[in-house]
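See structure below.
Order as written gives the chain letters A, B, C, D and E; numbering starts at 1 within each chain.
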Amino acid sequence: MIRPALAIARVKLVLELRRREVLFAMLLFIAATIVIVHFALSGAGAGGERAAAGMLWAAVVFTAVLGLLRTFAAESEDGALDALLLAPIDRAAIWFGAALAQLGFLIVVEVIAVPVWWLLFFQHGGPRILPLVGALVLADVGIALVGTLAAALALGARTRDVLLPVLVLPLLIPLVLAGVTATYGAFGEESDVLRPLGFLALYDLVFAALAWGTSEHLLGD
Amino acid sequence: MIRPALAIARVKLVLELRRREVLFAMLLFIAATIVIVHFALSGAGAGGERAAAGMLWAAVVFTAVLGLLRTFAAESEDGALDALLLAPIDRAAIWFGAALAQLGFLIVVEVIAVPVWWLLFFQHGGPRILPLVGALVLADVGIALVGTLAAALALGARTRDVLLPVLVLPLLIPLVLAGVTATYGAFGEESDVLRPLGFLALYDLVFAALAWGTSEHLLGD
Amino acid sequence: MDAPAVSLSACSKRFGDRLALRKATLTVAPGETIVLLGPNGAGKSTLLRLVAGLLRPTAGSAQIGNAEACSAPRSLRAGLAYAGHRAQLYRGLTARENLGLHARLHRLTDLDIDAALDGVGLADRADERIDGFSRGMLQRLALARAIAHAPGLLLLDEPASGLDAAGRLLLDGVLMDGLGQRTQLIASHDHELPARLGVRTVHLAGGRLA
Amino acid sequence: MDAPAVSLSACSKRFGDRLALRKATLTVAPGETIVLLGPNGAGKSTLLRLVAGLLRPTAGSAQIGNAEACSAPRSLRAGLAYAGHRAQLYRGLTARENLGLHARLHRLTDLDIDAALDGVGLADRADERIDGFSRGMLQRLALARAIAHAPGLLLLDEPASGLDAAGRLLLDGVLMDGLGQRTQLIASHDHELPARLGVRTVHLAGGRLA
Amino acid sequence: MRALGRPSTTIPLLLSLILIPLTLGMTFWWTPEDIDQGLSQKIFYLHVPIALASYAAFGYGAVCAALYLWKRTDDWDLRSYVGVHSGTIFGTLVLLTGPIWAKASWGVWWNWGDKQLNVFLILFLYYCAYFMLRFSLDEGERRRAASAVFVLLGVGLIPLSFLAVRIAETLIHPSVFTTTGAAMPSSFLLTFLVGLAGMLSLMALLMAIELRGKRAALRVLELQRRARGEDA
């Protein structure tokens, strides 16, 4: 289960990141995103920290949706998904591999984005690092799990239940809200950063379990 | 020129609307953005109207980018682009058809998103409708023109999905600035809403001209 | 005398480090039919795409009529048809909608789509989305599209692939009908095709015309 | 006696309104080779995909060994190979990387990728991304992948399409070598193939086995 | 390719060697120290000429791009690329010297309220995207054409950005910092002009060297191919 999933995740990441320019492109992308959001909101004169937190999470969601739309793109292109379905591995491994790749992608993006964000908004001070990183990682895990699940559902359910992924995707909103809350907490504004972090962890667990249970039915006819 | 472009635009819209999932993904994205930004700025207590305007425009731009990623997807899938290139039509018509489809798509999304936004933020009052709609439509035209142009440029690229936002976002920054300004104007805060609207129209004209002049070189080998 | 329908002169095409076509020189007279033979990777598809104007030569020139293929005027493109390895169809549309788009782009106001589909045995599948079509059905539809606008220059890249016996007969019929009527350039692995049609062959290997 | 390698019983497959396969009943003994013939849209590909477990029967059953194909245990899938109309390869990877992934998923620790590529004439193209491959080269790579893990059950859907003369010889060689060694089910439009291999044919038309 | 001529390196080299040290000398020993800003103001003679030189390079790149699309001669593509490349290198310098100055005179590294900064940031992102585009496409005609079209779009973007930022001035909170007064002592102006000439020469030198290098690399490739018996 783990080894094939890793093999699949590796291939998918190689496909995404093969060219080193991609990392550079992400940096540019994040910078452009932050500039746009900044300009859009600059008149609002909102509290710097909260606005900054919102901006970070909006960028994370946008990047995630962008990544998720492509999750199984390489596999549908030339029927490569058939080869994965035929291989002597669990179907869960295919979904899990895709989720890992998605997680890796998100983490790579954030490793670039968060320092840029930090530099732009907090020349002195800034949030506590540990809770922030914790919130991001936990949220990334959740996004990757749920998002890949939705993508897998969309793939298998070609004919009919287009609605299913649409039901799954809104589940990302609570995740993001918890992320924003945790980020506020990391500024020391709110007292307990632990509650949102706990929520994120719980969320991840619940959906990991759900995905696991249903993964046999996710892909294929 | 116009007739083939319309034929192409029609086909693309039919395809998009048959595949509902993408439309759903965008609506979800808009909803998520609005909720997040709302939440992020809720504590700030700053001018609610301005924040609302910023939110709307950030959501519009990022949704547009998501849509642009799919612009030539149907054509690349099975070599249908070859058929368009071989047809006895100007290459500009291909680009223009795609831009029209993109415009239609944006308008469909906004027809749903703007009322939601309105309901969430303005239970009484709200911006003047005419300038707001004018700004959105003018901006949509610009986004469709410029975005489709960039999508055509990125067509042969291997890392297309990362590349396209990077190409488009800097080009759209002036548009967002003017759009936000026009929306402020629509609240009656600033006297002249005409200047930003004029700018949007100018933007559309400039890029329409540039696109027109270069369209022979956009597609094909 | 007429200008040649197709003429390549010292035409080369490079993809990165690979020379897919090396200084190919070839003249096809109007109305002539040529079968292009050669092993896998010989450059047949590349040659056809150059003639169709979908690729731009790295060096030399590829002309149709009197114009460079990749920048041929619309009037010349109106008389050209190319069916390659990929079906060039919109997966999400029905067979009828695909031909309808083709007709609209080619301004064929009086194209009888039902007749065209009937000609390739797809009359009863006209209103089905083609992503449910079988391999051979797609190939038939691609063929129907290629001849729908009565092209004067027909470029076919392995048109028989995926076709059943009836389909191959149908294809042979189309090619026979075109003999002398239009210029035809056909890439194929069927070594009996030239004899069946009674036409000239051109051999390609390693990007070189033999 | 051994369990049949493949057995369909009253197996039907419906896509929307269309019955692609109607109550097909077929038994293939271990080591037997069968050529599946039939016109376009007959249901050949559907039958093969049912046997491969990629489709789930609408009614009836499709079994390999003693298990339902679409939920066959991993041990059974390890001995299965299917090459269909699409190449099932990652366009963005090289030939070597594609086979490498296959080896890792099949836990073939000692697969000699160079030898496998050499066997289909792609030795010198091993480290090229396959999106630059020609049609026939892709088909060769798909074939190499299908036989890389020495399957006991080989399902090939028009394996000769796009292959040049040498490639078709190579394919015939592979099929010959497999005679009696493994169960082979081959969909084809080549009516001489059964005679060349000296094996049984099964005819399909309109979703019905004849 | 030859027909387009060899760019001279000697003249810009000599000019740079003379003008840049001269600017430095004038900056530190001739111009009086600014009353408000003190020593940190001296970066003006570096910062602004660099910024203007980068605009000049982008402009050159755009002209060459248009010529490429018109003539389809590979060398115009090279020149256009070299122009944008040098412009971006100088732009990076602007983004380095600017914040240093900003820190010294405003006390912050970046001021979101400043027009020039914002516009320059947009352009910088845009031209970085140019490199992304160029290196994601395979070498060949299509890449050259796409690069050229993208550079030409920049010609529209630059004035539009200035205009947009001006129009949006009301929403980007107006700068609380005053810029250096309009009245410039003539020693300032002269030093600045010398500095500008120096930077433009340096830019020309950079572009000439890079163009030569790129042409040589192409020539080597061509010869290698010929040696392998391929001529195209």
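By our rule, contacts are C-beta pairs under 8 Å (C-beta built on N, C-alpha and C of every residue); 3 or more make two chains touch, one makes a residue touch a chain.
From a predicted model like this one, the values you see are computed outputs, not experimental measurements.
Traced through touching neighbours, the fewest hops from chain D to chain E number 2. Here the chain-to-chain distance from chain B to chain D, counted in touching steps, is 2. Contacts with chain B and chain E are shared by A, C.
As for how the two copies chain A and chain B face one another, over half of their interface residue numbers coincide. Comparing mean CA positions across the assembly, the chain most remote from chain E is D. The interface carrying the most C-beta pairs in contact is the one between chains A-B. A separation of 37 Å divides the Cα centre of chain B from that of chain C.
Our note on geometry: chain A versus chain B, Cα centroid distance of 24 Å, whole angstroms. For the pair chain A and chain C, the distance between C-alpha centroids works out to 45 Å. Among the residues of chain A, those touching two or more other chains are numbered 18-19, 21, 25, 28, 32, 35, 39, 42-43, 45.
In chain D, the residues that reach two or more other chains under the touch definition are 16, 85, 92.
With touch defined as above, residues shared between interfaces to two or more other chains in chain E number as follows: 122, 125, 128-129, 132, 136, 138, 140-142, 168, 171. Taken together, the chains touch in the following pairs: A-B, A-D, A-E, B-C, B-E, C-D, C-E.
Touching chain D in their complex are the following residues of chain C: 15-16, 18, 38-42, 45, 85, 121, 132-137, 139-140, 158, 161-168, 189, 191. Across the interface of their complex, chain B is touched by residues 16, 18-19, 21-22, 25-26, 28-29, 32-33, 35-37, 39-47, 50-51, 53-55, 57-58, 61-62, 65-66, 69-70, 154, 162, 165-166, 169-170, 172-173, 176-177, 180, 184 of chain A. Note for the complex: chain E touches chain C at residues 138-142, 230-232. Touching chain B in their complex are the following residues of chain C: 52-56, 70, 74-75, 77-78, 80-82, 84-93, 97, 101-102, 104-107, 145.
Interface of chain C with chain E (complex): residues 12-16, 19, 22-23, 56, 58-60.
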